[in-house]
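I've put the structures underneath this note.
Paired with subunit B in one complex and with subunit C in the other, subunit A is shared by the two complexes that follow.
Right, the complex of A and B next:
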């Protein structure tokens, strides 16, 4: 990625970013949806690698367990539920493709030049890393109502997803009976 | 550590742009969900990067909340895709235009 004037990115960062962005493009462009979801898994692991580089091991492990552990498996199972020819066919408008690539380049260049021109370039850190004990303490004291609300949202969304996925099955069985 | 904040923010911008590209071009519902995941992850990367450089623990806390909410969102989104697939036998969003079923 772009090297600043006074600092160089190290090779680990470069490798992780190439892996992340390359597999993000692959996840959208590979013909087979199964390989696409595996590429998405690599992208999410790359984000976890960035979290490790940012000295946030707790968030990195959370990312690995939630995204790579559960969401990726969920996506793989959903992909396996649809028909074969839908998995291996690419559905997209060829005319919109070029407009989309143009939009992507405009966003990259536009926001990229704004960020490079901003004062973020000079931002370096030499402070202590944040201890994950601090995060756990925050979760159990200050953020505990938010934690309870999040647990309720998670459980209600899982129950809602189950109800959504099941309802049609029940009516189908009644129809066939 | 030798990486500046700007490197992480630039990677996050690249992921955001790729996600917007996928969201605007692809018509496959599952691939659009991939693109949404990329956008959410670029936001999380920004949160953690700024939390490291400010430095502040609240960014990491917000990133943890965001990851958990994204998990719920993916569960509901995949359930909706399965329901739509059962109705239309297809995952092309151009076919989902009428909600009559």
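Right, the complex of A and C next:
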């Protein structure tokens, strides 16, 4: 790859990284649920950007349509529909907070050193363009049991979420009526 | 592509269909707290375990394999874990009959147990990292909900949220490990990954080790290895006690199945000295678990710490696996034994909590007279956990420590694992003995016998027969465990 193009890719990568990680931190830290979910949307879009940089437009498209298009919008709808006042007390323990940040930096430095120190930089990539038909074929043959199990995961999540979200006090009131 | 008549697929279809249909039936019937759903779930689980037993006895399954060309393999290793996991699920289901009576969402409760069982069973059958991860999630997500099933109890909420956050973190770490492995080898099939790892150049080796380290950390969270155990006591204490049994006896063991499939094979193929590190983790885990258990005043919390300690014992077998023939066999034997012992202890605790509403150890005074059968079941399971002969726990601990001594000729540090194990077993007898003393040798406020729940009695009788029976005649299970050990010499051929 030409040197100029490499610099271009590097700067786009940096920009997308800052956007993704910054909005992820914002999603955690902002107290307002609506702004938090919008920040989450930006994070998820940033991840789609990484997939584009990695020459995987197919996955990027899925990331955008599934995560940004449906899941994040669903979260936004839920936030708008439920009671918006804060139901949790904020208990801050600054020592734990700093310990957590410190641990994160240590782990990131550790993993970073291993990755940068390894031969990953010298690795030559000459992958061909991905054949989407092959992905579809793999899903229906090799990975078919995983697909079945994925369906069961979704149904267990729905069943569990319904049971947890169901308000039992409401049914009790109806009973006494 | 795997055949649709193979054991894992049939189990998935059978348990999955019943698991999904149960909530639908409950919507149609609109009846609360019915024991019908428990009955249906019990029937499905019995059918599943009978099918696995039939497949083993009629030799329709492959000998224990390390690799396969598919995402699942229908082998003895998977079937061994399937039997252990389904036993735990059956004990949990039957033990819950009484606990769930009159509560809401019973159908969902049993349906989630069934779905989690599929996940636990499939982990052991997986020979592909994507399949393993998907099965891991199928095991985890229903148990997150089950841990928080007592919605109005703040400690149950706390249990669920802690379990969920650490579970999500561990899933993230595992998927990171999988992505590194895939990036290095271009495959998600465990066999291809390991053979790809063994062909890596020295500059890429640190990345392969990083991937294995990620797997150890990710699976270690669910297994409860120290230092990844912080969430475990709060979760086991706050969850419904029957579910704590499922977590301690079921999901933890599924974590070991995953560890055996990935880490052990990976470390042997990579020819690295992870074994010593695993040995140190084993000693720290059992010591921390036992020391913390001594200080507990709550029965379920004590059992939670004891299950951390037992993860340490099982890890002895895994860490000496490269040096001793019986290492993995001993671990498998102890996994099956511990599954039944721990499930029995937690279900006895559930019986005590539902009948007398106590879980503080001081309140157990005179329990031997008030609930004789539950007490007897609890005592035998505690003695078996401590490894007192002639109960089943004695034989598996003997094999584990024997394997460690046996490995001493190759790895000079290995016999110290046996020494640590014996000292820890003696230590554990202190707190198990303390509970037994309270129940049988101290006078309670009342001697009046209370009515023990029938479902708990059924589980207790089954587990007493199992623990004493295997203790007196352990040979068939030892042979079964032996047949479930994959042939490790096959790994050396890929170098």
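Everything below uses one rule, namely that the second predicted complex is superposed on the first by the 139 of 177 C-alpha atoms of A that agree within 3 Å, B and C clash if a C-alpha of one lies under 4 Å from a C-alpha of the other, contacts with A are read in each partner's own complex, and residues count from 1 in each chain.
Everything below uses one rule, namely that a residue touches a chain if its C-beta (ideal position, glycine included) is under 8 Å from a C-beta of that chain, and two chains touch if they have at least 3 such contacts.
Please read all numbers here as calculations on a predicted model, not as lab measurements.
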Which superposed partner A:160 touches (first subunit B, second subunit C, both, neither): both
First (subunit B), second (subunit C), both or neither touched by A:134: first
Dominant toucher of subunit A (residue count), subunit B or subunit C: B
Contacts of A:152 with subunit B and subunit C, given as first, second, both or neither: second
Contacts of A:144 with subunit B and subunit C, given as first, second, both or neither: second
Touching partner for A:100 - first (subunit B), second (subunit C), both, neither: first
Touching partner for A:117 - first (subunit B), second (subunit C), both, neither: second
Touched partner set for A:81, first subunit B, second subunit C, both or neither: first
Touching both subunit C and subunit B, counted on subunit A across the two superposed complexes: 111, 115, 120, 143, 146, 150, 153, 157, 160-162, 164, 168
Residues on subunit B engaged by subunit A in the complex (per definition of touch): 1-11, 13-22, 24-28, 30-31, 33-35, 37-38, 41, 44-45, 48-49, 51-53, 55-58, 60-61, 63-65, 67-76, 78-83, 85-87, 89-92, 94
Parts of subunit A lying in touch with subunit C, wherever the complex brings them together: 111, 114-115, 117-120, 122, 141-146, 148-150, 152-153, 155-157, 159-164, 166, 168, 171
Residues of subunit A that touch subunit B when the two form their complex: 1-2, 4, 7-10, 13, 17, 20-21, 24-25, 27-28, 33, 36-37, 40, 43-44, 47, 50-51, 53-56, 58-59, 62-63, 66-67, 70-71, 74-75, 78-79, 81-83, 86, 90-93, 96-97, 99-101, 103-105, 107-108, 111-112, 115-116, 120-121, 123-125, 127-130, 134-135, 138-139, 143, 146, 150, 153-154, 157-158, 160-162, 164-165, 167-168, 172
Touching residues (chain side subunit C, partner subunit A) in the complex: 1-2, 8-9, 12, 16, 19-20, 23, 70-72, 104-105, 108-109, 111-112, 115-116, 118-119, 122, 128, 130-131, 134-135, 137-138, 141-142, 144-145, 148-149, 151-152, 201, 203-207, 210
